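What follows is a set of notes on a single structure, which appears directly below.
For clarity, chains are labelled A, B, C, D and E in written order, and residue numbers in each chain start from 1.
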Amino acid sequence: MANLVIIFLSAVIVNNYVLVNFLGICPFVGVSKKIGPAISMGMATTFVMTLTAAVAWLVNRYILEGLNLQFLQTVSFILVIASLVQLVEMFIKKVSKPLYDALGIFLPLITTNCAILGVALFLVLKEYNFIESIIFGFSAGVGFTLAIVIMAGIREELELADVPEYFKGAPITMIVAGCLALAFMGFSGLI
Amino acid sequence: MASKTSHPKEFLKGLWDENPVLRMLLGLCPTLAVTNSAINGFSMGLAVIFTLVMSSAIISLARNIIPKEVRIPTFIIVIATFVTIADKMLAAHVPDISKALGPFVPLIVVNCIILGRQEAFASKNPVGRSVIDALGMSIGFTITLTILGSIRELLGVGTIFAVQIMPLSFEPWMVMVLQPGAFLTLGLMIGISNWLNARRAK
Amino acid sequence: MKLKTFKKGVHPEEYKFLSEHKTLERLPIPEEVFIPVHQHIGAPCRPLVEKGQTVKTGEIIGQSTGFVSSPIHATISGTVKTIDNFPHPLGINGLMIHITGDGKDEWIKSFDETSNWENLLTDEIVDLVQKAGIVGLGGAAFPTHVKLSPSKEKKIDTFVLNGCECEPYLTADHRMMVEQSEEVALGTRILMKALNVSRGVIGVENNKPDAIAAMEKATSAFNNIEVIPLKVKYPQGAEKMLIKAVINRNVPTGGLPLDVGVVVNNVGTAIAVAEAVTKNKPLIERVVSITGDGIKEPKNVIARIGTPFQNLIDFCGGLTDNTVKIIMGGPMMGITQHTLNVPVIKATSGILCLTDLSVIKHKEYPCIQCGTCIGACPMNLLPTRLARFAQVENWQMAEDLGILNCVECGSCAFVCPSQIPLVQRIRIGKLRINEMKRKAKLATV
Amino acid sequence: MEDTKQPIPNEEPANTEKPKPKPVGKEKKPEPQYLLSSSPHMATIDRVPKIMWTVIAALMPAVVYGMYNFGFNVLLTVLASVIAAVATEIVINKMRGRESSVADGSAVLTGLLLTMTLPPAFPKAYAAVGAVFAIAIGKQIFGGLGYNIFNPALLGRAFLQASFSVKITTWTAPVGIDAITTATPLGSFKFEKIMTPYFDMFMGKIGGCIGETSALLIIIGGVYLLVKKYADWRIPASYLGTVFILGGLLWIINPEQYPDPVFHLFSGGLMLGAFFMATDMVTSPVTPKGTWIYGFGMGAVLIIIRLFGGLPEGVMYSILFMNAFVPLINRYTRPKIFGELKK
Amino acid sequence: MVDSSLIYADIIGAVLSMGGLGLIFSILITLANKKLHVEENPQIEIVADLLPGANCGSCGYAGCANFAENLTGGKTQLSACPVCGPDAAEKIARILGVEVESGERRVAIVMCQGGDGTVKKKADYEGIQSCIGATFVGGGERACSYGCMGYGDCVTVCPFDAIHMNDKGIPVVDRAKCTGCGNCVEACPRNVIELHPLSHHVFVLCRNKDNGKNSRAVCSAACIGCKICEKAVDGIGFNVTDNLAVVDHEKYTRELVLPTEKCPTKCIVIVGKADEK
């Protein structure tokens, strides 16, 4: 149990997915303009990450390790993830239009995104068991959500600020991310 | 190679006008993650050059036989194949660097630059043009990463490509090789490139 | 005992000493008056007179054109010289009836005291108030008869008389309460009868002890009227704040005092109502405080509506040489004037003349998010955010944050250490948002 | 408030006219031109520069004590940092073609606050680097005063901490104590379990950063700011309160391992942070409810870092961390509009 | 190294497993695509590409993409977009299968000449330097209550950089750049700006409806309602109502020079004749 808590805290704060591991930077920059979409994006990502963690662990354990084909990890993971996400997207679109508008439209963005594949690769690297993998995937998603929502809050605030023209948009986002990373450094050594 | 001379712009645009990192903001994850030294950035760039050029060539060749509905999964598989090859090659020849780059080499698979070029260019253009486009983009990427890595290495360690540049009395700014340094340097680089671009436009 | 008041708000320096002990004086009948057809909230009047026509004091010269409107009367006897656009104190130019006086001040009829007002029916009182052209004399100029005709569903149980005069400098209401306390009490009783309520409350800020004493004396015979001293704070005279202060009820956002069973009127209005109902006298004059450090002798004068400001200023000894700002109303919500040719209107509670010594020089700094404005806003809004969203034209956010609830009292801009013109920005925002709403409404119809 | 009447130089051409009473309608003489402006026409006397310079003044007792405590060297560090901060501000104002904003005192304040969080023997050149970073990246890149998200001084300090982690944790003993290097009370507790006497911590005869040692003098300056209402009392109250309560709870659970809450309050940079850094108007929430959440968050993060983290001190990180949440806090703690009905 | 049979086993395993995975998922996706397909109109994207993309909002929708959606949905007309050039309009019309409404290009005209030195200054203004801001405060510094206030709200709202302040503080429209989107017309609190077809050349550049004496008192370039222009053209094309001359562009066909020269305050002006040729 304590083990799971540590995995959670580590992935959310100490080794925050975005600010420390540099994963999922593209959506972090792209979808952090407004708080609403940022929250949706965070939730969609958390969902996909948890799902991915489960599936990737299964694929790795029962297909790749079983057949001794670890070198196919990258290919098989991305294949599984891409297909899964597409299925989920279609499913949501059919089942609930509001849910699709809130979450579904972000799903294609997430598929081809290092955040998801990163989860799969990391959990193999760290040799987590099945439950740990799911918790890891979920916490990584929460960490991503935390970072993107903070960033969206700050960027909405910066809409009102007098940022030098050439630094508007991505540059200032990067710099804020740098400041955030500085602030998160205080947690190093926590776990 | 004949088409290269006929389309020099196709090649040059990747270096500045459509520089994947500074102007299109693509592939930021590896850009940030592996540029704690110049050599890491450069190696990453090489891996990307290999992957992008090879997959562009293949996809451009096969562009007419891939059904529209499954093109993205197909692209990904092709890319993933080359990424795996690049990864294994790095691991075999330069194990130290491969270790430093960690999972970011396999993560090239989902690098938006590569998929983006397939979707936007290679799947619509003949092989020659696609390869030139891929070369321009990936070399632009490599140059940017190398510069970024050099700046961070210089300030963070005092060296560039492990060659001591700063006087030994210089106390390195550790932060530059840590995560905040990556974000801050890249932010400033993009800002400055915006400024240069605006000046050039005038 | 802890004095009653509302939450938040500010307490600017009062400067009431300039004129608070000056007894009311009657301004000589002016040679000419300019009577705007639009002096109140609601539809403007339609002029009933023509160029060259002779009129007598008290004669109706403009007819109201809707329910929310109020007629206007000739305030001197003489000849209509012209009906044209002249500088208007509320805007830039406005249509006015220009009357040159014959110096006789002949009234259209004699006004006898109708002592039996207690026998009048509610509707008859409201009718008399409407015919007399009475509007809220506190500054907003909302037609009083409209306030007295609430819809049947609204149960009115309390009448509040506004004697706060929370604006710095102004002393008109103060002097009226001291010198005409009997009329104020009479007006209160008439208004209570018109509304058919049993409870009357008079809220007076604690910096006017003589007014409180006078009002207590005048109302001592009526135990359903209570005088409540209030802690000195701005904007206590705003209806919603006053109701919160005296009877602790919250008027809902976008609602009116009627929604919580209350009607509020100003002391000046009460006197006008008393005169209209008991003497059948229309609203042709009002008390104006002429004050500020730019005027030589600050005074409280009774002036005919339509008298140019210049006459009043001359009556008070003129302006000092370094006067730079002329304000109609108080310093917190008053409107600056570019000329002294504008006339006194029904809403003119004061003329404030400020010299370069007391006019603040604005130097705008960036907002430092100190939150002082938030601590001052009586409506519990976030002025700094509203102003900023209005500035970057993010109307949606501004509206979500309740920009339309702003009462423009000026407390935020008063306390702002960055001297940001918060009120002006918020006004622009309100205007734009209302414009867009109107358009959207037109588009859907 | 009679200062609203203080003479302010006036350039209005109105003075050149003689607004003598004259009959209406005669247009021969040019009419006096009055000033048109939006209401309100009165204002308080508080201005941004006044607030900034008052905060600087309130810091002075602690700064002077730092000099007395750690020697003349400290003055040079202060100067290096302040001059670097002001110079950066001037250069960036020039680059952006803006009016110079040095006079508002915010750059001086940033430089001063930065030095107060540095150890006494910290190299002056690096202090200057920190100040340049604080102004350039911490403030100006967001658009200057009022728009920054993070406290610039603390951002500068965090930059220095990440860059020169050894130099910034090398403490020199106060003048008059027979030692060259020493440890801060927090450090000695965390790594050696040695308690420092409370009286020394309160008066400041201890090792530590230049401006943080004397709780007494910081409280004096801080209370002055609270009285002048240039700092929101809720922030130090909730911050210190949270630290006291959480620290106290843990102490009750295990007094062997965790220090008592009083030690928490007076050790490290907590007092300085609570009164001067966390209360920075620009980077703290504007809503009353928000300030409570902000203070609570800082307190909780501080206790986590101090007791469970790898670093002995976490004031800086706790404030920076919560700074990042301020836009969200502001957004979700909008006060209920007067008369707004409950949903 | 391992022996070759193992390598072959590896390769076969790889091919089989990848192929199997790929096959399973492609079947799943193909099935899902059939079952779960939601119809979307592909025209929207094509139309959005053809629109100007300035997001000026003069069509009344939240930007060009939104307009495209409503256009394809038949909820609005192409003519609602005043910016669309004839090429794009034709293409879009062909896509949507509707007729192009041909209209002459319209441009904005500033109907006031009362710049600094021409109009009297009535007061000093302190506050937000925008026209809408000054409307709350007695209309700013200029004495004319009909004309341009000179704080340039029209300049700020122009999405095409087609309107600029001249040295007298009167906005001037660049007729080549103006697309007639009407943002400036909306922004002007005094309604001084009008949209006119390019073929209109003669304008009375004044809005002052006061009588001659009063308008002359505030501005030397004001229309004083003297009716000289009306007489010069025998009342065909020029009408003076409310002390203000108005051009009737339908009727006025005479030689342009006449009334412009006769006007005592020079408020009748030929606009844009030169740059049309």
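In this text, a residue touches a chain if its C-beta (ideal position, glycine included) is under 8 Å from a C-beta of that chain, and two chains touch if they have at least 3 such contacts.
Since this is a predicted model, take the numbers as computed values, not measurements.
Chemist: From chain A, which chain is the farthest off, judged by mean CA positions?
Modeler: C
Chemist: Name the two chains that are joined by the greatest number of C-beta pairs in contact.
Modeler: So the chains sharing the most C-beta contacts are C-D.
Chemist: By CA centroid distance, what chain is farthest from chain B?
Modeler: Farthest chain from chain B, going by C-alpha centroids: C.
Chemist: Based only on mean CA positions, could you tell me how far chain C sits from chain D in angstrom?
Modeler: Once rounded, the distance between the two centres reads 45 Å.
Chemist: Which whole number of Å gives the spacing of the CA centres of chain A and chain C?
Modeler: Inter-chain centre distance comes to 60 Å.
Chemist: Could you please state the distance in Å, as a whole number, between where the Cα atoms of chain A are centred and where those of chain D are centred?
Modeler: It comes to 35 Å between the two C-alpha centres.
Chemist: For chain B, which residues are shared contacts with two or more other chains?
Modeler: As it turns out, chain B has residues touching two or more other chains at 73, 77, 175, 178, 180, 184.
Chemist: Please set out, as single numbers or ranges, the residues of chain A touching at least two other chains.
Modeler: Within chain A, residues 72, 75, 79, 83, 160, 162, 164, 167, 172, 175, 178-179, 182, 185 contact more than one other chain.
Chemist: Two-or-more-chain contact residues of chain E, please, as numbers and ranges.
Modeler: Residue numbers touching two or more other chains: 18, 22, 25-26, 29, 33, 122-123, 126-128, 133, 136-138.
Chemist: Hey, which residues of chain C end up touching chain D in the complex?
Modeler: Counting only chain C, the residues touching chain D are 12-13, 32, 168, 240, 244, 250-253, 255, 293, 308, 310, 313-314, 318-319, 321-327, 331-339, 341, 352, 354, 356-363, 365-372, 374-375, 378-382, 384-385, 401-402, 405, 408, 410-411, 413-419, 421, 423-424, 427.
Chemist: Under the touch definition given earlier, write down the residues of chain C that touch chain E in their complex.
Modeler: Answer in residue numbers: 84-85, 91-93, 335-339, 362, 421, 424-425, 427-428, 431-432, 443.
Chemist: Can you list the chain A residues touching chain D in their complex?
Modeler: Going through chain A, the ones touching chain D are 35, 149-150, 153-154, 156-158, 160-164, 167, 172, 175-176, 178-180, 182-190.
Chemist: For the complex, give me every residue of chain D touching chain B.
Modeler: So the residues of chain D in touch with chain B come to 126, 129, 137, 159, 162-165, 167.
Chemist: Can you name the residues of chain A that touch chain C in the complex?
Modeler: Those in contact with chain C are residues 159-160, 162.
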